[in-house]
Every structure is written in structure tokens, then in C-alpha cells.
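Following this line, the structures themselves.
The two complexes that follow have chain A in common; it is paired with chain B in the first and with chain C in the second.
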Partner chain A sequence: MSVFIKHYKASHLLSASNVKFFRFSSTAADLPLKKEDDDEEFRVLDIVKKRQRQQRRLNKRTDIQPDRSDRMAIDQKWGNVWPGPKTFHPSSVPLPLRQGYVPKGQAPPGKKANAELMKIPNFLHLTPPVVKTQCEALKQFCTPWPELLNSEEAIEKHYPVEIISSNYCHASPSIRNPLSRVVSLRVKLSDLKLDKHARDKFLRIIGDRYDETTGLVTITADRCPAKKQNYDYVNYLLTACYFESFNVEDWEGEKTEDDMEYYDFDRNTSRKNLINWYLKSKNEVKSMSEEEYRDFDISQIDHAEVYKNAVSKIMNDGESDDTLRSYDEAVRKLLGLPQKAASS
Partner chain B sequence: MNSSIVKLAQSNLLQSPQAPSWCAVLASQLHTSPALCRVVSGKYRITKKRDKPLTYEMANPPHFIAHRKSWNSWNTSSLKDGLRRSETAVEDEFIRRFMSGTWHGLMCSEVIIKRQFNHIRVAAIIRRAVSPTKMYFLLGYTEELLANWLQCPVTLELQTVDSFKDVVFKYI
Partner chain C sequence: MYSNVLLPRQWSRFACICRYSTAVEGQKLPQNSASSDGISPPPRIRRGPTDILEALAATVGPDPTAAHYKYHDDPYLIPLSNFRKRAYALSAEAGRRAAVWIRDNHAELFNMREWDPPAKMKTPHYNADPRIDAYAPKPIYTSESKVTEEDLQYTINNSLVEDSLQVFQLLGGMEGVGGDLRVKFLQLLCFYNEKEADSMEWMEERWFASNIKERQAATWRTGGLAEKIFASIEPKTSEAYCAIIQGMAKYYQAERAHMLAQEAIEKGLVLSTDVYNSLLSCVGFLKEGTTMRTEALKATLAEMHKHGISPNQGTLTACLRSVSAWGGGRALQQLALQLLAEFKQIGIQPGLSAYYYMLCLFCKERGPKVDILSTILADLESRETLTAVEPTDTNFFITAMGVCSDHLQDINMAERLHTLLMKGDNYKLVGDAYKESIYYRHYVTVACRQAPFEKTTELLDTLVPNVYVPEPTVFEEIIKTLELGGAGARLAAAWSQLVIFGHAKRVRLVERLLQAMCSCYQYQDDEVKAKTRAAAADILSFGQLTDEEIAQKRDQRTPQAQLSAQALTNIIQLCSDVTDKADPHWEAVSEAAQRLRKEAVGVPTDPSVLSSVAQATAAKGKPGIAALCSDVTDKADPHWEAVSEAAVAQATAAKGKPGIAAALVMYLAENGFEEATTASASVLGTLLNRTESEVQQLLATPRGGLEESLHPSAAVLLDAYHLATTGVEPSRNARDSSSSDSDSDSSSDDE
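== the complex of A and B ==
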């Protein structure tokens, strides 16, 4: 348009209508001129040159490519676009994401130039199809689970010893974590083949490492710097305690009734009294030696086993309604007395 | 509340006839004005013309971390019983300063440092004020030097914007 006018009016109006020519050629540039023409008031001294600054055009960058996310095919493989963990990049993610807190009624900031989206960890590299393909690729390195180990009981039976240790995953130049050296060994006391003396001694050796409620022995080691060393050490501890508990020292025979930590019916006078009473009731009163008392089989006495348990219970657990009642019942059975009426 | 108790004690001390001579000296030196609990860090003052540009990060003061904005450093050292706490903090500060100096006048956001295992990811929003060639140079230069100093693989994950105006969230 402007070019046409320039050619047409060039010969006639070049000197007269200079202003008009500019007005036609550029609509933006002649705004101040027009104003000056119309009102004959003060001309404003524009020191900061605000008007000219407004007219300056933004030159468009040609070296900036359009967004990749606008040109993506809808059936592309996302795993190839985002193969690994990476900070969010708006040009690679064809999703209309927004994040940020804004007052009510406004839209949150979009995905471009949004630092909040770059901060949060994203899982764009772990989409379900990608996880599936990675699992498929890992399958060749896996072995099938043994068929006979199909239940918890079977596992406990074949692998009684349990080793517990932890691996730590953390962000640091070193992969070492001092806590990973701790190794615990757990085994059921009933799985160890111990006799009565050995069991007693084993429990005394390991002390509070035995849990009565679960019946588990837990040995923890953290004194060595490496996990392997601690693993060897817990195994050594279990082995040493196990075989030590079978050793009978000379002084162990000197243990008297006063040294016993619990009430043993078979070593107490209650047993002698029971045997004496039994023989007396059969009119076979005779004086017996210690060996004869020890070898006497009390199972031939009726209800002797119940009596033994009741006495042991009342001596070991202390007097309570429960133990006293069971003792009462056991004595009545033993002596052949009628049981107490229920409504006492 | 506290100050009033102290004042009461002072007056009692001064009035009691058995008060030793040092009491008056001590009482006159006790300073009992309440603390001015004014938090100014991380907050920006409103200008008269309301033309101060703020990014989203700046617009939300520090007590909104974990509510409206998230952390700029992501690592396991800041967790309970985390390892290398002081080293991580010092390294992060060093990375921040190095980035703002290397990409001088180009940074439009805070430097976000995420650590995964021994890998350090540094993310930021950069202004497209220099040529791509220079940007590529700075990228490789930053990664190489930081990797040498910190003895870890460092990855720069930058996002570019046309001008600072793109990251402005509001004007105050």
C-alpha cells in the first residue's frame, strides 16, 4: 500500500504533503506527529524518550526451534523420549501441566519456566510399559523359586537360621554406610538340639538374647567394620555357645538346692514325701536311700503327674487364685477326696 | 509475662530491708524488654509503584516451603541420621555460587540441586541472552569443573526462557 502511494504521488505532492505521505506509509510512526499537528499546545520535552522506546520492535529470534512436544506423534514410544531419570523439561513433555499456588479464581502457572515442576522428582521414565519391558529384560537373570519351599513352615524347617542385615541407599559420593555392617542371626531355640543341662546352660550364656514369648535367639554383631566379618562372627558366637553349653564343669556338680534358680520337683523333699505317703498307704513302710528315692518311678502313683505340675507351678509362678485352685484339685485327686463344689 | 515476673522480683529485692548492696546494681542492669519477633528474611517489601518483579519462588516466603513451594536441595543428608550433612550443605552452596558466577546474569531461577546416589543434578532456568555456542561451552565447562571438584558425575539440566519476564509470577 505504502509503496503504491509513494510512486503515485511522488511527482505532485512531494514538497506539499510531506506529512501526509508519512501518515500513509506508517501508521505507528506518525502518531506523535499527528498529535503535534492537532493541538497547538506545549510540546512536551521527552527526555526519557518513552514514545520512541514503545515503538521499538522486538526482533524475533530465528535460531529457536518450536517446541518438540507440539510435533510429537501420538503413537510414539514414550520410553525412547524419556529413557532415564531427568529433571522435568516442558519441551519434551506433551502434557498440559500446571503447578503452583495462586489465589482463588486464577490458573496456576503453566509448565514453561516453572521451577516448581523442575524441583519435584518425576517418574516419567517409569511408565507401566517401560517397567514391563525392563522386567522382561531382567527375567533371563532370574531362577525359579524352589517348588518344595512353598510355605513358611517348609522354609523354617529347611532354613532354621535367619540372617538379618540391611543395605542403605543414599545420596553421597560414597556408597558405604556404617550401619550396613550390623548383622543379626536369629534361630529358634527349639531347632537347636540341646539336652536339659545344655539348654539351661545355653540360656545362661546368651542371657537376654533369648526372647521367651517368641522362643527366638537373636545374636547381633556390629563390632567389626565389614558385614562379612560380622556375619562370620555371629556364626562363630552361635557355634561357640552351642558347644560350650554341652561342657560340664567340675563345679557344676556342687550345685545344691539353695543354688537352684527354679523349683525342681524331682530334687525336692516334696517328692520324697509323696513316695513315703504312697508306700505308707500301701503298708510298705521301709527306709530308702537317696538312690532308691531318685530311681523311684512316680508315674505308678495315680495323679502324681498332676500333683507334680501343680506343686511346681505354685512354687515357680507364686501363689495366685489359679495356681492355688489347681493345687487344690491335684491334692484332692491324689488323696481320693471329692472335688470341691463349684459354688464355693 | 516473663518480664513482669522479673520486674516483680526486682521491686521485691529493692524494697526488702535485708537486700545486700549488690542487689541494686544487679537490678539496674537487668534488661527486660520483650523480644521483637519480626521475620524479614526471604520476604520482599512492596514498592510504591508496584513494579518489583517476583518469581514464584520469591513470592512465597520461607514458611511456605513444603506447602506452596518445595525445597531447592534434594538429598538424603537432610533426613534423620543422614550422612555427610555439613559436606553436602557446603557443596550445595559452592555449586550455587559457581553457577551464578559462571552463568552470570543469565540465571532466572534458583539453582535446584538434586542428588541421586553419587550423581548430582543441577537444574536451573537460563535466559537466552548468549549464543547457543557459548551456552554449550558453559554447559560443558560447568559440568567438567564441578565433576572434578566434587568427584561425582554432575549433570546440568537447563531450561531456557526468552527473558526474565517469563519467570515473573507477580509484581509487588
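== the complex of A and C ==
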């Protein structure tokens, strides 16, 4: 059996050998055929009939005791009887178990000599009372949970960085598992104190490691052979990316409207048009420089904020019923037109 | 360890999500103090590598239905007798030994990898990671091995005496090994007296090793390598002196040990406490007589004081060991108490060994009752844990239980002691299989004799057979208790236990069991009665061999023990208590009666039983068995035989078998029993269906005229009557033919 365990690429190999093992036990019919062949090959002329005489000496044992499950007290502690994981054994389990496939109308075979019951892993060693006592026994090694970390929010606030790694436990001469070297670091983007530019740059640096739906940045490292090294490496990556995103290179000033990754109302002609329209409606038409346009406070325009949001939304999220409707409402408000009848 | 079927298990995966918070900017570092801010985790609770396993193991209690976990949990493989327990455990260990032998002798199979051709090269390769030294092949040293000082260091550290001797020779003896290593080697030799020690690896062998009491004789190897090495060390350090003195004292070379100690002191060397302890434990070998020895002991202690050596627990143990070895008496007991008190004053608690020697000294088998055990127990119970310091510590519990059983005969004390043994991890102090067995022998004996019946049975249920298999003497004690308690069902079950434990061939025990069964048979339920009968029948058939077995046995010529007459009588009595005529137990009765007649040893002490059985069987229409029974009654008492035969005759007559009845009465008459007169009269009455007076009348009339009118059996009865009264047989010839005709179908030929 140890052959199975040696291989590291366990998942395929194990399942394959599993199948083999089970098949071996259930198709016992193959065996006798093979045996006959062997007998043919090594037939020995038995003149003195020595073999027969030896066989007769086998005397049956008379002192086989009945199953110990018969003698078990009804108030015994099951944990003492079945303290650890092991293969099912009918004489020690005082349960009328049945398992196996049979034609319809028949009862499944009982627990004795039932390979089906022995094949499946059982959890007879982990009954609820046993789990409870084991937890009690392990309490002495546990420290109390910090009181102020009483909610998910508190935990996220005080420990924003999450490190995920796995340990593997298996029966084999070696305790090493290559998968245990993998370390992932997870942090909420909002917890990183980034300004607008840095955030933009940070997202560009980490690429697909940012998940928009959850707002989490996940950095995984598996290039180093040891877990400690990978752990140090993910920390290094986060730190490096963070500070790099604050650096402003010379060429970053050359960013044009075409390079923008999103629609910014304040930098587009829509704003100018809005201001122009506003001034026109107040009969104060004048030509303004870029500077003046930029410094103009659009909050003095009624409903300008709503309009701005609606335009940004329709440009950034694309046209949909929702965005179009909000744009419709914003424009009507801005122009002082009556709202659409709610009937449609 | 004892290979369960190992299914290829999926890698059980414990993904643990850990929140490391170190080294990331802007986060709080865990402080090494208590979590005062309520945010940082409290300091980690330090634990050893096996602490969690031990805590989990402590949640598992004993399971009385299961065998020790070293055996396979399967009805076919759970050993139930002492022999099998030993055989199974040692077999498993022999397998491990064989595996270890292969591993050591073919180490290259385990730590070399052979590459595929064409290169065929070999490189070192270890399968295990991290490498476990205990499973790695051990080096083997031969006369050709190339060794270095490191090898010697290795063999010394692992206390491989034989190997270290070999390496020492290979290194070139005294010249090759110098300085510190030579002293270490000397220490090893002195500790083990140049003999290979029992390996710690073979647990079962140590557990089942027959405990031969250590001989208190000088076994020190005089003029051996240890002494040569000691002589070669110049200048002699106190370490060397300590080693050689302790070695000599341990192996009872007392005088030389003391001489060397004197020599060392004169040289101004400081000897350790352990050296003085070993000197104290063999101080009795120097002098004769209690007073002289006491003087010597006190002188050694005074010397310790003079040199400023502080005593320890071992000193007390050594003193008491010496004192207890010098016999008994008030003076020595007084001395022991003084020692104990004085050591307590300087704050040294006596260990288990010290208490063991105290018990040896005070609780002599035929001495007056001294209850020091209760004080000792009170002291031990107050301690947190009991740790074994010396090998003799394992003697305490067995001796204490012996004292409870034989000396104090106190079940309460025994229970207290047993609770102490079961507390925590104390069970390891029970010693080995031999000591454990003696411990339970004492415990069960005292429980059988002193404890209330329910408690005893409860105890037996938990101990037998998985923890302890009673020896024959203890089993007899148990049977006695069960008999007194009137536990018929348990007695019936006791037979199957006897078979399982391998005591079924012990005739004395079986007979005792049968006797017990008989004596409490009367007042049992019908169900229990049936069980008892079945057990009795089984006892009878147990010893019977098949023809093949008899053929085998002929070669071995072992004398077959046979049940005594009394036992067979008991079986007959038990088995005959059935109402159904077709019950198979009649076979057993018949068989027992046959054996009783043919081969049984001794005489049944209670023939009335047999006679009543004979009557009963006759009344039920089993004339063959009845006749057999009444016949074997003869063995015990001819009078009873006559009584029973008369009764049987009466009963058979009533059942309509006049032939047998007549033959029986005739037999009585012929043998001159006076019962023949009354028997013939009454049988005749039954046979002819007449009243007593009519029969008397019939008997009084002279025969001749009656000859034709009567049934032939009645005629025989008449003859018998006359034979019995007058001693003369009237007309024998006339009767012969008729009687033999009528009897031909019956089994009266048994007569």
C-alpha cells in the first residue's frame, strides 16, 4: 500500500489505484482461474499421499468467543471502544448495519463479512460526544480570542491583510508536500491608502489580481521552494507595488483623453457644453479660457450634479435601460422639462 | 503498529487560513505580553511536540470488552488465555525482529538507489524526510569494519555493550582510546557489567520476560576489561572511581567497592551521592549480625555527612533496601522508621521503592498485622504524579496488593490501592506481565474473600479475560464465591471460561465447578437450570476424543486425566433433572453412568443421589439407565444399591416391564439383601394390581397351585420372595425359560 503514498501527484494516481484496489477485492472470481493454471504448471506426483494426511490434522478451534459487541454495556462510552479511525469490524460495532447492492425486493447484506462496509471510510471515531470531549481536552492549549475582535468588521479593520497557505497531512515516509509552499496574500483595495493616481497605477500594475466584484487584491506566490520564502515574497510584492504606484514618472503627464481608462466628466467637452448652456440660459455668453472652464464651479447650476453622474454612468457603464432612464430624468430636470408620465 | 488495513487515503487536507500580521506596514504586531489592548493575540501557550496527542489520548478510557490494543480486534485473534496472549504478542514482535534483521543486514536496500542500466550506479537515497534515526538501518560492526572514535561514541551513547567492545578492540584497545572517551567506556562497562543489556526496542519481550529474581551474589566480572581500563587510567579521576565503585556495588562485589571508596577518600577525591547510595545498598555484605551491620550503615551515613555530601531520595531507598534485607525484628523496624523520619525532616520524600522495602520489612507473612499501608497510601494519594525512578519501583504495587490480600485481608485498602494504580499514568508502574498477573491474582483473591458479592462480580466482569486470566487457584476461589452467591448462570458460564482459558483439563477445578453447580442447582430458574445441564453434559463430552485423536495420542503417551466418581455422579444428578423422555441429556446420563462403572476413580460420596436418580429414571421409563445407575451405586454402598434397585424394580413394574422388575428383585434376593423381601412383595402388588394384604396372602400360600395361573414374571417374584425369606430356591428350572423370554427385549443384561 505504501506504493500509493510515495507519489506526489497524488490526485490522479490515487484515484486510479483506488479503483484497482476495490476491483481486486470485489472480483474474487478471477482468482481461482489463475490458481488452476498454476496448479497445472507445478503438478507434483504425490505418491505417499503426504499432503492429504497433513491436511487432516487441521483441527477446528473450539474457543472462539462470541462477538464482543454482544457483551457491551448499553451505557458504555463509545469513544473508549473505537478511539481512532480504523476499518469497520462487525464484531466490535453493536449496530445492525446493512450495506450493499441487491436486486429489488431483497434486504442488503448484513454487517458480517461485508466488504462494502469495510471499503467506505467510517467516522465511528468522531461521534459528537467524542468531538466534545476532545475539544475540552484541547482547550488547555488555546488562548482566549481578543475581546475587541468581536465581529468580522473589527477583524477586517485591525487585520486587513490575509495570508492563505495550506498544510498537508498524509501517511507516507515523507512529511513534505510541494503544494504547501504556495502562499497567497489577500487585502482589500480600499484598505490600501492610495490616492487617485496611485490607485489607478496600482491597478494597472497588479492587473488581473484585482477582483472588482469583491474589491480584493490577491497576490499568490509559488516560485520559491519553501513557504517562508514565498511568504516573504508576497509581502515584498505588495510593498513594492504599493510604493511604485505613488511614483509619478515624467511620461505620465503626457496622458491624453484617449489614454483615459474611464470617462471623466470634468475633463470632457460635456462639462464645457453644460457651462456654455448655463451661461447662455442666463444670457451671459462669453468666451472662456481653459483655465476658467476648469475653475468654474458647476455646483451652482441646478441639478448639474445629477446630470454629471448620469452622463458619467452612461459613458462608463454603457447604454442600458437603467442608465438611459437616469440620463433622461437628469436632462429633464436640468432643462426644467416635465418628467415623463410614470405610466410607461 | 499492528497493521490495520491501510486504505490509500485521500490526502487529508487541512487548509488553514492564517492571519499573519507581521511585517506588513500599518498593522499591529502581536505583543509578547497578554492581549491587553483586546486586539493583538495573546502570547502562545508553549507546548511540547506530543502534548496534544497526550491530551487526546487522555480522553480514551479503558474498554472492558476489548483486548489490549496490541492484539487484533477480531474474535478469532483476541487471545483469551495467558498462553495465547504471550504467544500472539511475541509472534508479532518476532516479525518485527525479523524485519529489523533484514533492515540491518541489507541496509543498502533501504538507503541506496540503484539507477537503471547502463550506468548501474548507486547513490545514497533516503525515502523518509525528515530522516528518522530509529527507523534507519543500524551499523553492524565486524572484525573487518573500519571504525573511528565516533563509532565508539555512538555505541556508548546507545548502550550497545557488545558492539562497543568490538569497536574498542578494533580501535586498538587502551592505546587507541584515550581521555574522556575511555572514562565513558568504563562507565558503560561498569553499568552493564560487560554484558549486553536488554534492548529497549523489544517491548513485548521485556513485558513477557520471565521475571527471575535477581540473585544477590557477586556477579561482578573480576579481572575483566573494566578493571583493566580502570587500572590504565592515570591519574585516576574521581569520575573513574565513581564508575568502578558503583559497578562493583551494583554487582555485589561489596568488599572491593568499599576498599576502593576508602582509597579514593584517602586520595582526597570527592565521591558522588550515587556512589554512597550504592555503597549503602551493599553495606550488609561486609559484616555479620544486625548490630554490626547497623553500625556500618550509620558509619557510612556519618562519612557522607563528614564530606558534605547531601543525600537524596536514592540514599533513603538504599538504606531501606539494606535494612529490609537483614531480616525482620523490632530493632530493624525501629531503625527504618527512624531513617524515614529523619529524611522527611530534611525534606526528602520516600519513593515507591522505599515504601516497597518498608512493606517488606513490616508486613511479614506470619508476623503480626501492621497497618502501615494506609499511611503510605494516604501519602501517595496526595502526590500529583508517581514517577518511576528505580527498577524496584515497579515492585510496590504488587507487594502492596499482596499485603492487602494476605496480610491485612482488607478489601477497602485493596480498592484504594487499585484506584491509585488506575489514576493518571500510574498503570505503567505495574511492571511486567508477570507482576501484573500476580497483582490481579492478589486483588481478585481478596475481592472474592472479602468483598460483597455484587462488587466481586462487577470486578470480574471488568478484568476477566481481557486484562487478567485467572490462574487455577484463583479460579477455584472465584467458583467458591459464585457458589456462595448462588449465581447459577455464572457458574454455567464458568465452564466455557475454563475451556477458553485452557484450564478445562484440570480435573480438580472441573470437579470443584461441578460440585458448586450441584449445590446451587436447586434454587435456580428453569432457564439457568437448562444452561447448567448443558454445561454439565459438555463437561462430560469435553475429554472424549475422536478415533483419530486417540490414534495420535497413542504416540504421545500423555496420561489422560479422568473425572472422578464424584464428578460423574454430579453430572448424572444434573443431567437427569429433565422431564422429557426424549431429552438428549439422557444420553449424557447414560454415558456418565457407563464411565462411572468402567473407569472412574474413587467412590461417589453420596450414593443416595444415584439411587434417587435410578428411581426417577425408572419412573420415566428409562429402564436401561435406571439399571445402570442403580448398578453403579454399588461402588459406593451396597446398601444404597439395594434400596435403589428395589425402587427401580417397583418403578419398572409400574411401567409395564415386569421382566426387568423381576430380574432386579431376583438379583437382590440372590445377593442376600434383606430388601428383597419387601421389594418382591410390593412389586408383585404393583404387577398384579392387588392390595398389600392380598399379596401377603398370595405369598403365604404354597406355590405349585399358582404356577399356571400366574404371569411368568410374577412367578419369578414369588421365587425371589422365597429365596429372600428362606434362602432356598424352590423351582429354579421352571422359571428360567420364561424369564429369559420375557426379558429378551429389555436391557436387563446390564445387570
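Here, the second predicted complex is superposed on the first by the 202 of 344 C-alpha atoms of A that agree within 3 Å, B and C clash if a C-alpha of one lies under 4 Å from a C-alpha of the other, contacts with A are read in each partner's own complex, and residues count from 1 in each chain.
Here is the rule we use: contacts are C-beta pairs under 8 Å (C-beta built on N, C-alpha and C of every residue); 3 or more make two chains touch, one makes a residue touch a chain.
Just so you know, these numbers come straight off a predicted model, no measurement behind them.
J.: Could you look at A:Leu194 and tell me whether it touches chain B, chain C, both or neither (first, second, both, neither)?
T.: Touch partners of A:Leu194: none, neither chain B nor chain C.
J.: So, A:His158: does it touch chain B (first), chain C (second), both, or neither?
T.: Second partner only, chain C.
J.: One more residue to check, A:Leu148. First (chain B), second (chain C), both or neither?
T.: A:Leu148 contacts chain C only, not chain B.
J.: Tell me the contact category for A:Leu203 with respect to chain B and chain C: first, second, both or neither.
T.: Neither partner.
J.: One more residue to check, A:Ala171. First (chain B), second (chain C), both or neither?
T.: After superposing on A, A:Ala171 lies in contact with both chain B and chain C.
J.: Given the touch rule stated above, what does A:Ala115 touch, chain B (first), chain C (second), both, or neither?
T.: Only chain B is touched by A:Ala115; chain C is not.
J.: Considering only touches as defined above, state whether A:Met315 meets chain B (first), chain C (second), both or neither.
T.: neither
J.: Considering only touches as defined above, state whether A:Thr87 meets chain B (first), chain C (second), both or neither.
T.: A:Thr87 contacts both chain B and chain C.
J.: Return first, second, both or neither, reflecting whether A:Cys224 touches chain B, chain C, both chains, or no partner chain.
T.: Once the two structures are laid over each other on A, A:Cys224 reaches no partner at all.
J.: Determine, for the superposed model, which of the two partners chain B and chain C contacts more residues of chain A.
T.: Answer, by number of touched residues of chain A: C.
J.: Pick out the shared contact residues on chain A: the ones touching chain B in one complex and chain C in the other.
T.: Looking at chain A, the two contact sets intersect at 61, 63-64, 86-87, 89, 118-119, 121, 169-171, 173-175, 177.
J.: Looking at the complex, which residues from chain B come into contact with chain A?
T.: Interface residues on chain B, with respect to chain A: 55-57, 60, 64, 67-72, 74-77, 81-84, 88, 108-110, 112, 114-118, 121, 123, 125, 128, 132, 150-152, 157, 159, 161-162, 166-167, 169.
J.: Could you pull out which chain A residues touch chain C in their complex?
T.: 1, 4-6, 10, 14, 17-18, 21, 56, 61-69, 71-72, 76-77, 79-81, 83, 86-87, 89, 91-92, 118-119, 121, 130, 133-134, 136-138, 140-144, 146-149, 155, 158-171, 173-177, 193, 231, 235, 238-239
J.: Using the touch definition up top, name the residues of chain A that touch chain B in the complex.
T.: Of all residues in chain A, those touching chain B are 61, 63-64, 85-87, 89-90, 100-101, 109, 112-116, 118-121, 169-175, 177, 179.
J.: Inside the complex, what are the residues of chain C that reach chain A?
T.: 4-21, 23-28, 35, 37-45, 47, 51-52, 55-56, 58-63, 65-66, 73-76, 78, 80-81, 127-130, 499-500, 548
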